[in-house]
Structures are given as C-alpha cells and as structure tokens.
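So, here come the structures, one by one.
Heads up, the next two complexes both have chain A, just with different partners, chain B and then chain C.
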Partner chain A sequence: MSLSRRTFLSAGIGAAALMASASCSSSTTPPATGGGVADAGVELPTYIRFEGVTADLPGTDDGIPDTFFSYPANPQAATDGPPADGSAIQGSVPVNKAVPPSMDRNSYWQALNERIGSELRLTITPGADYPQRFATAVAGDGLGDVFTIDMSFAQLPQFLAAQCQDLTEFLSGDAISDYPFLANLPTDSWRGTVYNGAIYGLPISRGVQSSGLLYTRDDLFEARGVDPQPATIDDFVQTCRDLTDTRANTWALTNVPMATLQQMYGLPNTWGVDDAGAFSHAIEADGYKAALELGRSLVADELVHPDFADATGADAKGWFGAGSSAIHQDTYSAMGSMYDVGSTAGEGYLVGLMLTPGEDGQPAPFWLGNPNNTISAIAKGDEARVRMLLEVLNFLAAPIGTAEHLFRKYGLEGVHYDFDGNNDPVLTELGETEASGGTFPIEYLIDGPRPNYYPGRPQVAQDIYDHMQQVIPTGVRNPTVGLYSATQGTVGGRLNTTLNDATNAILLGREPVSSWDDVVADWRSAGGDSIRSEYEEGYAAANG
Partner chain B sequence: MTATSARPAQRRRPIDAPGAPSRAVKGVVLILLCAAVILPFVGIVSTSLADRAQVNASGGFVLFPTSVSLDSYRTIFAGGVVSRAMAVSVGVTVVGTAISLAVSTLLAYALSRQGSFGQRPMLMLVLFSLLFSPGLIPNYLVVKELGLLNSYWALILPTALSAFNVIVLRAFFMGIPAELTDSARIDGAGHLTIFARIVLPLSKAVLAVIGLFYAVGYWNAFFNALIYLNDSGMWPLQLVLRTYVINNTEMSATDLGSGVENLPPQPSIQMAILVVTIVPILIVYPFLQRHFAKGVLTGAVKG
Partner chain C sequence: MESSVSHTDVATGDTSSRPVGLDRTTTGMSSGAPRPFLRRRRNPWYSRLIRDRALLVMALPGMALLLLFQYLPLLGNVIAFQAYVPFLPFGQSPWVGLDNFAVIFNGDPAFVNALRNTLVLTLVQVILVFPAPIALALLLNSLLSERIKRAVQSVLYLPHFLSWVIVVAVFQQVLGGSGMINNFLRTHGADTFSIIGNSDLFVGLLTSQVMWKDTGWATILFLAALSQIDASLYEAASMDGASRWRQMWHVTLPGIRGIIVLLLILRLGDSLTVGFEQIILQQGGVGLAASEVLDTYVYNNGIVGGQWGVAAAVGLVKGAVGVLLVLGANKIAHLLGENGVYKS
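Now for the complex of A and B:
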C-alpha cells in the first residue's frame, strides 16, 4: 500500500469538505420533485411478449404468470454472442441467501463472465445491511455501473436525478424493442421505475407472486376432517377452533394474518383512492377495527401460536412445517419454502392455498402485492456505455425456456445441475453453493418475469394457477405503486413501526380496540396526512 | 456473665465457617447460577448437532440431542467460504492486534512521561476522540481517499488505536516507579531502551488484557468489512456468518425453483454459526487468565 503525504492530506480535506457540505447541502442537491410525481408525461416501455417459449398453461393479461410443469424442452439461445464489450462492469447487489464464493473461486461466476463478455465485478452485501452499504456508497460514489436501488433511501428522486442515468430515450415506448427481454417485462413493473417524470430504473419484476395469501397444511386438515376452504368469516374462526388443540401444542395459526383479515372486511390495499382522487389509508376505515377485533379474539381464544408476537418469519414457517400450526400467511413466492420446511414430515405432507372468505360469503377481493421486488439503476455515462449495459441487462432478463435462462439460474449442465426424469434441472451441491441455489444475486440487477414453476412438483404449479385464476380477477391494487412520497421516504418507516406496535398491543390485549382512533389521529399528525397529500398530488399529475 | 458465656460460642463457630443450611442454600444458588450460564451454551452446541426432527419436536432449541448430525457444520463450511473467512479473521486479528499494541504502547508511554514534547495537546487529542467520533460517511471518504478500499488494511488501520486502551495503558505506565526508569537513565539508557527493557517487561499483565481487548474487537468486527470491502472473497468470518443468521430468516422470498429439500433446520445452522464464531476467541482466554484480574484492576483504580 502506498501512502503519500498528498494522498493523506487530500483524504483529510475530503472529509472536511464533506462535513462542510453537510451543513449547506441544499445548495448542491438537485431540485426536489415536490410531492409524488410518478409517470406524468413519460411513455412507459411498450410490452412486447416473448413468443419463443410456450407455457404449459399460458399466462393471462390480468397478471397470472406462465405456468410450467417441467422445464421447457431443448432451450435455445435467444441472443447472439456476448452482449458486453470486454470492459469490466462494476455492480452492487444485495444477497438474501448465504454469500456465494467470490469470483476467483466460483466456476459459475467465471462462466457467467464468459457469456456476458466482460468481468462482472459485483459487490455483494447481505440484504439486511444493504441500506447502510448503499447510503455509504452513494456518498463515496462507490456503487459502480449498475446497482440495486435501496427503495427506503431518503430523497430517492434526488439521488436518481443526480447520479443515475435517465433511461427514457433508451426504453420509453417502442425504443425498448432494441432490448426484447426487457420489453418482455410487464408494464405494471415499469410503472415503478419512473421518477422525476422519467424512467430511471429497471424493474426486478415479481408480478403477482409477491401477493399474500393463507397457506394450509391440507394433510392436517384432512386428518382432522376439516374443510380447508371456509365460506364465511365465522366458518374461518370455526376452522381455526377445529384445528387447535392446546394440550397437544397445536394452534391453528402461526401468527395473526392482519393483511388477510383486512381483506375479509374489504379494506383497501394499504391505500385506497376514490373517484375524486382522494386517498385514504386502510387503518382509517371502520373495517380495520373489525379486523383488529377479529385478530384480538383469535389471540384471546388461543387459536394463534403463543410465541407469535416475537417470532421471525422462519420461526413461523418452522411451526407450519412441524405441524404446530396449520395455517400460515405468506406470499405466492414462498411456496417453495413451504415445502422445504416440511421436508422431514413424510410423504403425506401437502400444502394448500386458501381462498380468503369475505363478509358477504364470497371470496374476498384479493390484495395484489407490489409488482416489483425493487428496481435497479445505471450510473450516468456516455451513450455507448449505457447501451452496452442495457444489452447486458437484456441478456440477464432472458425468460424461462431459453438457454440463457437455464444457464443463469442453474449454471452448467453436469457441473452445477443435472436433469431428472421429468426434465427438471436439479442443482448439484456445487450449484447450490456457486449459483446460490438458483438465486445468484444478479437477479437483483434484473430478472425475467417470474413463472409458476416448481421443479419436481407439477401439482403445486397447477394448484397455484388454479388459486390465481380465482383471485387475480378480483385483484385490488395499491394505488401508491409508482407514486413517490418524500414524507413516506423519510418518516414512513418510523410511522409503520408505531402502527405495528399499536396493532400488536391491541392483538395481545394490552390496549382496547377503541384506542385505535387515537393511534390514527397520532399517525395523521405525525406525517400520515402529508403522505396522503403527496400521493394525491402525484396521482393527480399521473392521471390528469 | 453474658459476655463471657458468649465467647465460647463464637469460638465454636468462627465467622468464616457458616452452618450447614447456609452452605446448602449457597450451594444451590451457585449451582443454579452455573446452570444458568452453562445450559444455554450446552443448548447451543446441542442444537447445532441436532437434526430437523429433533429441532421440530423440541420447538427449536434442543438441550440433549438423541442423535448427532454434523450437517449444519457441513452446510456452513460447504464451498470453502467459511474456511477462507476464518483465515482472513485470524490474519486480521493477529496482525491488527500486533499493530494496535505497538502504536498504543508507544503513544501511552509518550503520554505517561511528564515533559514529553507536545504531551498535553496530544493527550487532549486522544481524549477528544473519546468524546467525539466521526460519522460513518466521513470515515468512508477518508478510507477511500487513502486508497484503502477493498484492502485488508481497511479492517485494521481505521480502528488500530483505541483512545480508551491508550488511557488504561498510560495509567499503568505512570504507576511504574520513577526510580526504576531514573536508574536506567543514569546507566545511560535512552527512552527506547527504557521502554523496551524496563517498561514493557513490567507491563505484561496490562498488555495481555489490552491485547485481548483489541483481539476480541478485531475478531468480532464485521461492519468495517461490510462497508470497505467490495470483494466478498475477502470477508472475515463474522460477516460471512452474519449472512447466514440474518438471511436465513428470509430465505423463502428467493427460493423459487431452487429444489433444495434437505437443508438443515435454521436453528441448527444458526447455533453452528455461534459455535464457530465463539470457540476460537474462547480458546485464548485460559492463556491470559492469570494476567487478567491484575490488568483489569489497573484501569479500574488508577487514572
């Protein structure tokens, strides 16, 4: 390491300059966008469906993804040659699994570089630490060429305008046809990439897979002779009673499924908007108190696992897998892990998906999850470099059934995976480690549309498709998707924590349900009303 | 007389020999205290060795495993990531502790000698850093401008000197009788000789303790690596293992299509991680035990 006096001095000056700029930062930050200005004035990329692969059950226009019972046979290359120009590409991504071996010791990563045509130097950070890493790297200009955005970053629009490439001219409207796999991403997902009236990011699309529902242990339901599809809210409570046997240490529910209970009472999906463009939060509706009352009675009647209040998601899933509880609220994406947790439960282990009953005896309107896990962005650069990076991301967005996808998710045949009798790729131990079990963190730079595909479990794919067919048409969107609220960005996290604490206090019987009015009043004065008006402003701008 | 009759009774039961009931109570309390300390550790080791059926049956925390499975350890050591990270951690801890001890003792010695050049301003600077520490981003920018990003030095140099440890060392050095150093000076010894041949040999206790403080600090540190290292192949053990502890709680969201079925249960993996992170530093303690009490007291009663 060489360290000259000049370097040392400049480091000190750098630190001093930063401290100075912290006190007068308003002079250097780009203009704020005011409230929430979303896709006002910008033409979203045209959706061009990739027709190269035929699904076993094709997806629908209202969002049901393509369904596959086995991996499509004979996947063909859909691109010609490496997309990159040979120069190194720096990137920053979070990882939500164990960190994969570094590039020098990872044959999957090396093969990926070969296919891309450049060295992909990724800084991989554990997901929980990514916000802190992201904030530091923003200040130190250390994110690289392409990076996952931390959506909780305060003043996100300003950051995007200052440091990220405006991609509108490359992707808006028909321009996206230069990148066919990016054009294959649904329009809903692109809506979340628009800030400051321009396209500043690329979606990490999840479609409807991030929507929540109740999973049921159908084998346990059958053993007790209970119908896993209750028709009314009262039936649901009775179902919970039938499945609970506290002396045998079994409780119906892993936790209080507040999102599902709100759906039962027909509440808006977090935020609702009326015809006049006025926003209201679900917590302000009377139905929320009914949902709280139902949740409180479920806890009071000992129908919920007694350790639910301080349990992690993994704990709750563990109880579901072990049979301590038979109903668990999670997203469609979690289906794979619902089977993972029951891997020692034997042959009969069976997971079902409940249709949430509504107040009127019909299935409740279904809350659609955020169509994006997050977004990624490209650092400002000259046109040739930006186009090259978009080519790489296009390559990395190849959908299931292409040779590019097969490699990206599973690596090299015979090394990282082998095909089983059902033509499903099964990862080897090396593939599990090097390719992160099929989720190498490049999936947080870009990913293709997420299909319904469960290797080795065609019935599961069918069950999910059937469930989606019934609930997706009743889907309720969260109207704030694609809108930005500066107040939500700065104090939203704290407000949510306060609301969660107050909800738990009521569920656990420490506070009466009637105390909720005060909680809402506090929430409104502490920032809720500002968030509302910013969303309303953004909504009005986007919808004329 | 009452006074004379009481004396033989006092002789029969001296103050340091309590009766049987008292001893029994103390024994029970001590056993309970020991159990409170030891049982969780036994539970950690046992859970790390348990298989999924046992973990499920016992609600996530196994005290006495009926069968032993090393799958959790195999999982975290698979791929060599953990082995490599352990080497990094050991290297950073050894080199870092050596550097820290060297700079801390030198500074503390200088600050402990009355009349050293710039002694008071220097002492003020050290104390100032105890009261006010720079924020994360200024630190990052300094490390970046020094060209230390993505280098092991970024894990060592920013934390090489702890003001608290310097103050403790200085207090100890000031307690060394001036007669010893004065006689050495009369014999013609310079500061370096006095420092190396008189002060340091007399300070083994405090050096052992301060060395341990530094070593534990380097061993447990993960945040510097998270911020300063871009290459995950350079990560120390704590950061690699942190990804298991944190991210295993959220594995499901990204697990579509993975096809993994026989992962060891989460509690076993997490407990195996605890064992791997605790044991190496635990091994150091017995070697420093005899210095420990004296060294800790030094900082407690002098300042």
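Now for the complex of A and C:
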C-alpha cells in the first residue's frame, strides 16, 4: 500500500527494488517471483472460481477485480468447523498499520484462534523493518511454521529449497481442489510461487491492484479551480505549478513520482523485451533521462515537498492527507489509506485518480504491477502438519461475501464492527485497533483475491473501476514477472541501493542528468548485464 | 574489570579509600622491590583462589553475562571467512579463506568512500566533540551557586535520554525544508536555506547533533573528577599569588588529566564507530557519497544486500583496528607516565 522512502524511487528504477517492503507497496515487486527456466515442468494449480457470491460489477479477464458497492448480503459460512488440530501455530508477518495489541489483550485475535482451532502465535513486525527482521530470523531459525517471504532476500530459491516445504504434491493441478479457497486464487498469482521447478509458496494476491498511479486531492484541485486531469506533460507541470503555493507552505507533489514520469515517456515497465527476446532495462532508454530531467526540474522549481528525500511513505501520505501536498503516487490498493490519512480533514475530503498523460497527449501506457504483493511459505514438516497448515490457510483465504471473510476482516458484529444503512461494516474503535482497521496481518500469510470494495464509499469503488477500465486493458506487463535471475537475487539489492542513490543525487541537483550514462555503465558491469542475460535465458525457455 | 580491581585491593591489603587509579600507581611503583605484597603474590594460585573465593563468586554472574553476550557471539565472526548462507548451519557454508576481505585490500570504491567518511567524522568529533564536555565541566565548576549549577546541569544532560529517532526528528522539524525556520522564512517571502539534506553540511549537522545530545551527559565524569581535586591545592596556589587562569592550568587540568587520557583512549577504540543510527536515519537526502560510513556500509551490504561474509569481514577488521588503537594509545599513555585504561 504505502511506497516507503526507500521504495518510491525504486518503483521507478527497478521492479526488483521494492525490496524495502516486501509487505506492501509492491507496485512493481521484485521480479524474483518465479522459476523462469525451472517452472516449465510444474503444473500450476487449477483455477476453480468460487461461485458463492455475485459482484455488483463483475471482474474482467484483463484483471479488473470484482467490484462491490456494499458488503454482499447474508454472508454464509463456507467451511465447516475449525481447520486446525489444536496444536499451536507459529508465524511471522509484517504489518502496515500500528502493530495490533498482543494476543492476550486482543479479543479479536482470541476469537480468531477459536475459529481456527489453534493458537496462532504471530510475530508481527512493522512493514518497513520486515526485510531486516526476516534476514535475521532466517539466520536464527525463528520464522515459525508459516511466514511472509521477503522477496528481496538474497538466494531466495536456495532458502526455499533448504527450509521451506515443497507444496507441489499438495497444490499442483487438481490436487488444489482439496483447498477450494486457495483454488480461487488467480493463475497469474500462482506463477509467482514457483521456484526450483516446484511450488514453494502461496501468493498474497493483488492482481492489478499493485499497479501505481497518481492520487489527487480533488477537493484541493476544485478549491483552486485546477483540472485534475492534465492532457499533456506540459499541462501536468502547469497543474503542479497551479497547486504549489510556497508562501502557504504547500507543494503539488509529495515526492518525485519516477514511475509515473517514466510512463509519461513510454518507457518499458522496468524491463522491456523485443520480438527477438532481447531485454533492456528502463534506465537504459533515452526516455529515462527525459524523466530524470523532468523530475529534476520539478524539484528545482519547488513543486515537490522539500523534505521528500528523507521522508517515509507514511510521511508522504501524511502530507497528502494534511493538504501540504495534493498529488501522491501510490498503488490502487493504497486507496483505503488515502482516506485514512484524511480522516481529520473534514467532509469535503475527496481523492481522485489521475490518468497519466503521455507525450502524444493520449493517456500514457499504464504499468501493471506484480500480481502478488509477496508470497508466504510453510516450514518443512510431515505431511499431516503441512495439510493442517494448508487447511488453516484455506480458511484464511475465504473470499468476500463469506462469513469467514466478514469475521476475518472486521471481527465480531457489535464488538468490532456494526453494519450501517448501506450494509457496510463500520469498524468500532476496538475493531480499528484489535483488527488493525480491517487489515489484521494474517492477510500477509494468505488472502482471498482482493476485491474492489471500500466500505461506506461506493463512489470510490466506482472511480477505481472507471480508471481501471481506461488503463488496464492496454496495460504494460513487466516481462520478468515469473522469471528468476540469480544475479538479481544476490547483488540486486546492492545495485538498487546504488541506482536509488544516483537518481536521488540527480533529482536533488547534486549531479547533472548527463551523469546518468556513467551510472548505467557501472550498473551494467556490476551485474546488470548478467541479470539481463539470465532473464533472456529464462524468457526463451518459458516462451519457446 | 570490577572484580580485578577488588582483587588488587585485597592483595595489597590496602584499606585506604584512595581512588582506584592512585592505588594502582603506587603498587606499580613498587614493582621489583621485595615488599610483602610480592611475597604474597608468590602464593600458589589455589590458595589465592580459596582466599578470594567470596569475591570470585560475586564476580561470577557478571562474568557469565559477559561470556554469553559478549564473547560467545564473537565466534560468529567465522562467517567473515565463509560465503555465508544464513539458512545453513555455521559449519555448512562454504569456506572461502580471505576472499571476503578483498574489498578492503583491493580498495573497493564504496568501501574506500565509507572509510574516508568515517575517518573525517572521527577526526572532527575528536577535535570538536571530545573537548566540549571538558570545557563545559570547567565552566559549570566555576559557577558559585550550587543550585544554579545543578539546574543547568540537569537541563544540559536531559537530551542524552532522547533516542536518535527523536533527536533527528527534532532537528528536521526545526531546520528541515518544511521545518519551523524555513516555513517562517517562506511565509514572509524570504529566501530559504538548506541544512537538512545538504551533503556539504552533513558533517557539521552530525557533529552538532552529537554535541547537543551528549555533551551535558559527558560532563558528569569530568565534574566528578573535578570534585576530587584537593581544595588545599587551590588555597596554596592562591597564597602564592596564582591567578584563576594559572590555577586552572596548574591545578585543575593536571587534576583531571588521568580521566581525560582514559576517556580519550576509550574514544579511540570507538573511533571507527560514528553514530550508525543517527546516520542511517538521514542517509536518504544527502546520498551515500557523503554519508556512507563503515557501519552503514556493513548494514547496507550485509543485512540489506545479503553479502553477509563481506559485511562480517569489514566489521571484523573494524573491531581489530579498534583494539589495536586502544592498546597502542594505552602504550603511549604509559610511556608518558599516565595510567591509561589499565596498568602495564
């Protein structure tokens, strides 16, 4: 959801860079989500759609998710009895809100344990710290039975093979029909769980909702009489000027939206591939320098919040909510938090979605995000234990419109939430803290397909649907999704740190845009070319 | 350390309440002379063990903690010689000899940059930060009113208890691009200035943060040392007509010389450690070229980049250099007739 300080630039630079938060923000999560050559051999789980609930606007084959304007009426239980066997289950997850109260002081968590049939002992770590927590827990063997994977972890396939359960025999092909709610997850998402020629994880599926875009404070636009849909790049810059008033300490942009600027110049989605199967990185294209130049001038003209470089994603969202900035780059799935940060802004608070203008005056080709936020995995164990854990995960993947989903997201009626007139669950104060405002971090162990649903804000769901209809059908995929590069896995983190740093230096005016050629040359020799050839190899094997 | 001090006291049978440092000096002077002290030291070790058993038992819990949390983890440094894979047991990662140390010996530009930044910061901090509490202590000591002295001291050492996150946030709220001062200037149409996120001022910013946070706290030791100085020395000096300035030069400073040297040596041991948390919080804006130091290099490579072996190798060398600096500085202190950290 949030693009953190370390990640917002990388979202522009390299998909792989979103390492800092495996947890959220995966507008373009690492390409390390597949087995490349190796996955040719494994049969992906069969997709069996759950037919129990009808959406108000059904999803499309392009990937637009099911849209709901209110919570489906009369949610029924879709499972019978607790899935677990009573033995305690240990787990590790990130959280992107405040860490919820611990189990002994959390009535929602206790009710969850009761429904699962076992004590779910979760170690919950703030999302920004999760990669570090994950790395140290791996070294100390402290992850537990089931845990969220940090996709940026070096030597991920080796780690999965050494420590995690190969789930192929349980989930491949029709075997998944034992777990109907896991079978309800889209095939694109399962593609990202294949490593070493086997299924090693479960997808935290986001579909197209992890794609990034520009959010606009439409109430502020209206107050200033500015059109929130600029038609050209020049219009966009003018829009930013119109929204900036430094004497009032307001700036148009929360930070430099490098991913969006690259889309304006029609750059490939991190990596591009031509008809011959040759890969090129967006940073190598001439358009990247044009994007840098535009970003640099936005900063130089004081159209970007002056503290952007050291800010966390939460800081930037805070500025958006408080109105010190009116445009913020984030993913579709961050829409909920766009309203959270504005909870004190009063009645008129209104968030819009900008169609990114392209060079030719048409909407720019839209980058599709990684279909998964991240994946989770199960520690090696005997068959009975693994099946029990899969039953629990199946239970936790029940889709919207089931009693399991309603409880999982919102807790107990009358305690953690109440229904409003529109049949939407409204969280109580207790629900906001104990159930993490509807995002209790079990959603990073597994989750159902993410619906386009915003309780109490049917118009928001409609706006998102409309935006998606315009950009998703012609969306640009990242060709490395589902491929794995060993070099990216080992030195990718270091390379991205360097690229981020160089980008920052240019945006802040410490280095000229022309220095970018050297940065790219260094990147190529330090591993970029190896990453390219590994992806090309994997791509050729996967596409014949 | 505590236990060995008590041991010396018992061994010499010294029951005076002289400061530990002085006590050690006098016993040191005695070496070579056939004193009772030396004859007793020739006692077989087991009889000494039995004699000191109560003290040794009291020292045991501390020793156990030290062993468990300080010495045992040192063994983990073997990963500096491995292509370490965190999910395999220690022994099973492949051994690579000194390969991980290549970044140091071959002068990896990122490493050299980190080393240079570290040394610059160390130098600036030893020159500017180290003397600050001494000067402050002398100033406080010259205040006549005990009440004002205490009040000033309390106010000055409170920032020590704030964590770096808070200190950095406070500095950003005041000096940042949208901080208090810049917002005020902007509202009144004046030019703003860039302090936070300005790589040219980064060393100055870090140094002033350290001074603001810790100077008051560091005066405590010096004030304690100052209070140990015999008041009759001042009386004698003023009888001889010494001015305040000469009293400070000839009485006060020599009186706290021992503690100054001790702290300087300890500071040298830390000299390659320059505020990891403080720096990592502010690295985004100023960039790695200006802000990467050895500790952040180890973090960015090891924890973030997954290059555990290289990170451990750099950390190990850093630790070894620290030990050598302490030993070396201590040796020099001994040659100059000071006590240093311990007696030779």
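Rule of thumb we're sticking to: the second predicted complex is superposed on the first by the 494 of 544 C-alpha atoms of A that agree within 3 Å, B and C clash if a C-alpha of one lies under 4 Å from a C-alpha of the other, contacts with A are read in each partner's own complex, and residues count from 1 in each chain.
What we mean here is this: a contact is a pair of C-beta atoms (placed from the backbone, for glycine too) under 8 Å apart; a residue touches a chain by one contact, two chains touch by 3 or more.
Model, not experiment: these values are computed from the prediction.
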**Asked** Of the partners chain B and chain C, which touch A:L508 in the superposed model: first, second, both, neither?
**Response** second
**Prompt:** Counting only touches as set out at the top, which of chain B and chain C does A:Q163 meet: first, second, both, neither?
**Reply:** second
**Prompt:** Is A:S337 touching the first partner chain B, the second partner chain C, both, or neither of them?
**Reply:** first
**Item:** Contacts of A:L427 with chain B and chain C, given as first, second, both or neither
**Value:** first
**Request:** Name the contact category of A:G41: first (chain B only), second (chain C only), both, or neither.
**Result:** neither
**Request:** Report for A:Q155: first if it touches chain B alone, second if chain C alone, otherwise both or neither.
**Result:** second
**Message:** Tell me the contact category for A:P58 with respect to chain B and chain C: first, second, both or neither.
**Reply:** neither
**Asked** Looking at the overlay, does A:Q132 come into contact with chain B only (first), chain C only (second), both, or neither?
**Response** both
**Asked** On chain A, which partner's contacts cover more residues, chain B's or chain C's?
**Response** B
**Asked** Intersection of chain A residues contacting chain B with those contacting chain C?
**Response** 19, 132, 135-136, 139, 324
**Request:** Write out the stretch or stretches of chain B touching chain A in their complex.
**Result:** 51-53, 55-57, 59-60, 76, 78-81, 84, 134, 136-138, 140-142, 144-149, 151, 153, 226-227, 230-235, 239-240, 242-244, 246-263, 265-267
**Prompt:** Tell me, which parts of chain A touch chain B in their complex?
**Reply:** 1-3, 7-8, 10-12, 14-15, 18-19, 95-105, 121, 123-129, 132-133, 135-136, 139-140, 142, 209, 312-315, 317-318, 321-322, 324, 330-331, 333-340, 343-344, 373, 409, 424-427, 429, 432-434, 437-439, 443, 450, 453-456
**Fill in**
Residue set of chain C touching chain A in the complex reads 85-88, 172, 176-179, 182-183, 186-187, 189, 192, 196-197, 199, 281-282, 284-285, 287-289, 300-301, 303-308
**Asked** Considering the complex alone, what residue numbers of chain A touch chain C?
**Response** 5-6, 19, 131-132, 135-136, 138-139, 153-155, 158-159, 162-163, 246-249, 305-307, 309-311, 324, 490-491, 493-494, 497-498, 501, 504-505, 508, 510
